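Reviewing the structure listed below.
Chain IDs A, B and C follow the sequence of writing; residue 1 opens each chain.
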Amino acid sequence: MTEQTPQSQLNSIATNGKPLLEVRNLKMYFPIVKGIFGKITGYVKAADDVSFYIQSGETLGLVGESGCGKTTVGRCIVRAYKPTDGSIVYQRADETTVDLAKVDSKELQTYRKDIRMIFQDPYSSLNPRMNVFEIISEVLRVNELCSPKEMEYMVAHIMEQCGLRPEYMRRYPHAFSGGERQRIGIARALVTSPRLVVCDEAVSGLDVSVRAQILNLMEDLRREMNLTYLFISHDLSVIRHICDRVAVMYVGKLVELADANALYTNPLHPYTESLMSAVPIPNPNLRDRKNRIRLEGEVADPSNPPSGCYFHPRCRYAKERCSTETPVLRDLGDHHFVACHFADELELTGVRMA
Amino acid sequence: MTINEIDLALADRASGGPSTESDVRIEVATQWQLMWWKFRRHKLAMFGGALVLFFYLLAAFAEFFAPVNFTTYNEQYVYAPPQMIHFFREGKLAPYVYGYKFERDPVSYKKTWAIDKSVIIPLRFFNHGDPYKFWGLFRGDLHLIGPVNASDPFYLLGADKSGRDVFSRIIYSARVSLTVGLVGVAISFTIGILVGGISGLVGGVVDNLIQRLIEILISIPTLPVWLALAAMVPLSWSALRVYFMITVILSLVGWMGLARVVRSKFLALREEDFIMAAQLDGVPRGRMITKHMIPSFLSHIIASITLSIPGMILGETALSFLGLGLRPPVVSWGVMLQDTQKVAVIAIYPWLLFPAVAVIIVVLALNFLGDGLRDAADPYQ
Amino acid sequence: MADNNNLLVQVEDLKIHFFTNEGIVRAVDGVTFDIHSGETLCMVGESGCGKSVTARALLQIVHRPGKIVDGSIVLYRQKSHDQIEKVRISDLEPKGREIRSIRGKDISMIFQEPMTSLSPMYTVGNQIMETIMLHTKADKNQARARTLELLEFVGIPRPNRIIDEYPFRLSGGMRQRAMIAMALSCNPRLLIADEPTTALDVTTQAQIIDLIQGLQKDYDMGVLFITHDLGVVAEIADRVAVMYLGNVVEYSDVYTIFNDPQHPYTQSLLRSIPKVTATREKLEVIRGMVPSPFRRPSGCPFHPRCPKAMPVCSEIEPKTISLTENHQVHCLLFDEDAKKPVREMAS
């Protein structure tokens, strides 16, 4: 069963050249430590055999409920965590590849400027004791990416691009509102002209009106700076808005991966279907939708997941096979990947288009 | 970028017009400035801070502020009571005190002191009196105030059993008692930061061992340990060595709490997003600790240090009072208080308790200061 | 719908100011609305618009330095079958006996993070039982039986076990359910829900919303639902109050608000949310940001960000204008009187 890795299929469909980043069978297990002697009693499988690729220039969405492991995957890619197993193949600018999961910390340093991260919380992600210039220029300084003279110019330039007044670079974060702070966080991530940006819930902490500004800004910057985004969020509306393709995670596993339109209108995994059904739609005329799906029970415990398909205890289409056999992520055509035994038999409904 | 510029202008308008000068002042303020502004509003802490500063100045320039040397004695004036200082005579600034006379109690025939208003002892500011060697370096004989005639008695806070000036001795004692606190805290700070830092940064087995060790050490009652250690100090040691040893003994007990604070700060910081951001910037370990982590809790550490100085001062006073700390001829508040071990002495010569008043004032002032610092330590709430 | 027989709470021209060292913040600045039994009023707005403070005022739990400075909150309390008592909540002592008899009995509240209102020291069951015994004459056994009933009712599996669990042992969704069970323990007439689903995942959010709606139907409760999520509003609201910087800028039924919004803020807000049903396109934004409460703009507080602002908007504070009987707008665009004199002056 494991012979047919999802990877073999993923490779074959990466048609337009090699992908910018390819995650293969990524595993991130956190040990559960008990007692004063630090005995390991088990593992939380935060990411379990996750595989996907990101093409240069696209925005891939990673969506799922809290605790599904989406943030863990993002942090493995920026190498805040060292993955337990699997590989993260990154394609350098000269088209050679490197496995980021295996490189040592010294070599890793050379990729820090290429793969950057935008954080969720605009308050805790900025050091209150450093001014904006120090915050944004830190990466330039420690990696000696430019001379001290150029540094001021580069910081001013990226601040301007992110909609911040360069005159304010000597101010401290406490002088800025939430939206402005998020712009500072974006400027910090983009000052190195990265190639891949991992956005971890980058707009979740913002007010509605500010969220729209930041989403537009990120979209503009993507075009101007030729960026590739991995956009992690629990908000299906935001994901829909900004992403080309979307991957859905459930309890550490990828359950579906497809073009955004296909995934939203024609989901193939029952979990995706129930997610779509649960999203509140800001249109009261659509409120009395019939046969909405309400999931029963709770998300499975990643340290003690159910047998077979992790979703089977909550799945309304579950059959016997689901509790015994773990489904593999497979392509059902048009690069629509799904990890469900019965994906080609089920008739699932997606989001109704307005 | 025109869209952004319009956006900016409008953002300014939305937030109620461009910022005023005072806003800018706050917006570019470093954490220390913010802390100072916040601290300044804490009146009691400001008062405490001023008092602490005053006492340390007294201690630093003890030779100048004390009217006489702490060893100067006059057996004629044993247990002389405090004199009241008068500043004006005949409308002019001319400080003076009244002299003493003996009185015989007609009933008990006991010799007692009385103030003799007929004898006026003129005083002088910036008086040339007892010669001294300032900090053992510079010769001098200038005192803030002193009797014009050096042989005249001048006992602002009375005299002790050898006829020494209690006031001068309190000022000289401050030098020892206050620096014991400072040096002791410096030592426990260093140990605490090192041990706590290792514990918090390395983690794992090392952290586990250090924490267990601290728990064991902390469970040992403080006073017996002090007593035992202090009793082991050989009598033959010089005063300076004893002083140093006592400081080390005091600080050995103080570092554990600090190490725990430092460790928990490091652990908490590891979870902060901005530390992860710095890590992703590729900030090397040394810079991470010095530039990103320590500034985040330094202010808290300073506050808790301030709050731990009083404990050191009280510890020294207690040990010396019990005769296990510093010994004469070194003079500290605790050493001075050894004279008051008998209740009878306190009853007849209550001014010998003035060193205790000094201890109380300093300890309170340090606590006020520390409280204010602690409140101001996190200006970003 | 505005049948006076089932009027529950009437809030009129409510003003709550915060007296801080830095100055007075007009957190709620003249808010008028009412809630009827069986209906859901949604209060929607961005952070700092005063929606939570307004809700807290209904229970007299505005924390210091906030104070109700003007206006009235009247609770219509069912005394007996056909006798209704009017209680002016705004005049009650915040720590007094009377408001305490209202809290939890007539009006209950649930919060965004149930952990802050559930004590970690007591089991879930203990806390619910205590509320029941405080407001009814039930003894311990009756209270426990009722608690089990409630826990089952709010969809907690194995209530026999959960009743003796401590709150931190429950998941976010379960805690919120326990919180709702506690809020419902005395059959309140009005349930105030302050962002009850914001910290929850979409599937859990859907469960909780279903639960609240089901309970509302069963008990004929009034619900004041506070949220910043317009999707949730569209799903559950009967009527909507859109708030901005302490004012209700638009107040109408949910269909009017979404299909025919009149206030420029409501219009922009609706256009600025990404929708799960729409494909990638540039979002419309409201320029600038919510101003600091200490720098409240003059005139209409929305004017610096308003796409339809007129010169007069920075000078005159708008009044509430009724467009129809159940559609109120707080905007000078609809105030012919306010527009006129300035035009004349300009010409």
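Simple rule for what comes next: contacts are C-beta pairs under 8 Å (C-beta built on N, C-alpha and C of every residue); 3 or more make two chains touch, one makes a residue touch a chain.
Since the model is a prediction, treat every value here as computed from it, not as a measurement.
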### Query
By number of C-beta pairs in contact, which chain pair leads?
A-C
#### Entry: Chain whose Cα centroid lies at the greatest distance from that of chain A
B
### Separation of mean Cα positions, chain C and chain B [Å, integer]
54
### Message
Counting only Cα atoms for the centres, state how far chain A is from chain C in Å.
### Response
33
### Summary
Multi-partner residues in chain A (2 or more other chains touched) are 177, 180, 213
### Query
Among the residues of chain C, which are close enough to touch at least two other chains?
289-290, 292, 305
### Message
For chain B, give me the residues that contact two or more of the other chains.
### Response
7, 11, 15
### Query
Taking the complex as given, what residues does chain A use to touch chain B?
36, 38, 78, 80, 109, 112-113, 116-117, 119-121, 124-131, 138-139, 142-143, 160-161, 163-165, 168, 170-172, 174-175, 177, 180, 185, 188, 213
### Task
Sort out for me which residues of chain B touch chain A in the complex.
1, 4, 7-8, 11, 15, 23, 26-31, 34, 204-205, 208, 212, 272-274, 276-284, 287, 292, 295-296, 380
### Query
Which residues of chain A touch chain C in their complex?
65-66, 177-180, 207-213, 215-216, 219, 234, 236-238, 240-242, 260-261, 264, 274-287, 292, 294-295, 297-299, 351-354
### Task
Over in the complex, which chain C residues touch chain A? Could you list them?
46-47, 157, 171-174, 201-207, 209-210, 228-237, 254-255, 258-259, 268-270, 272-280, 282-286, 289-290, 292, 305
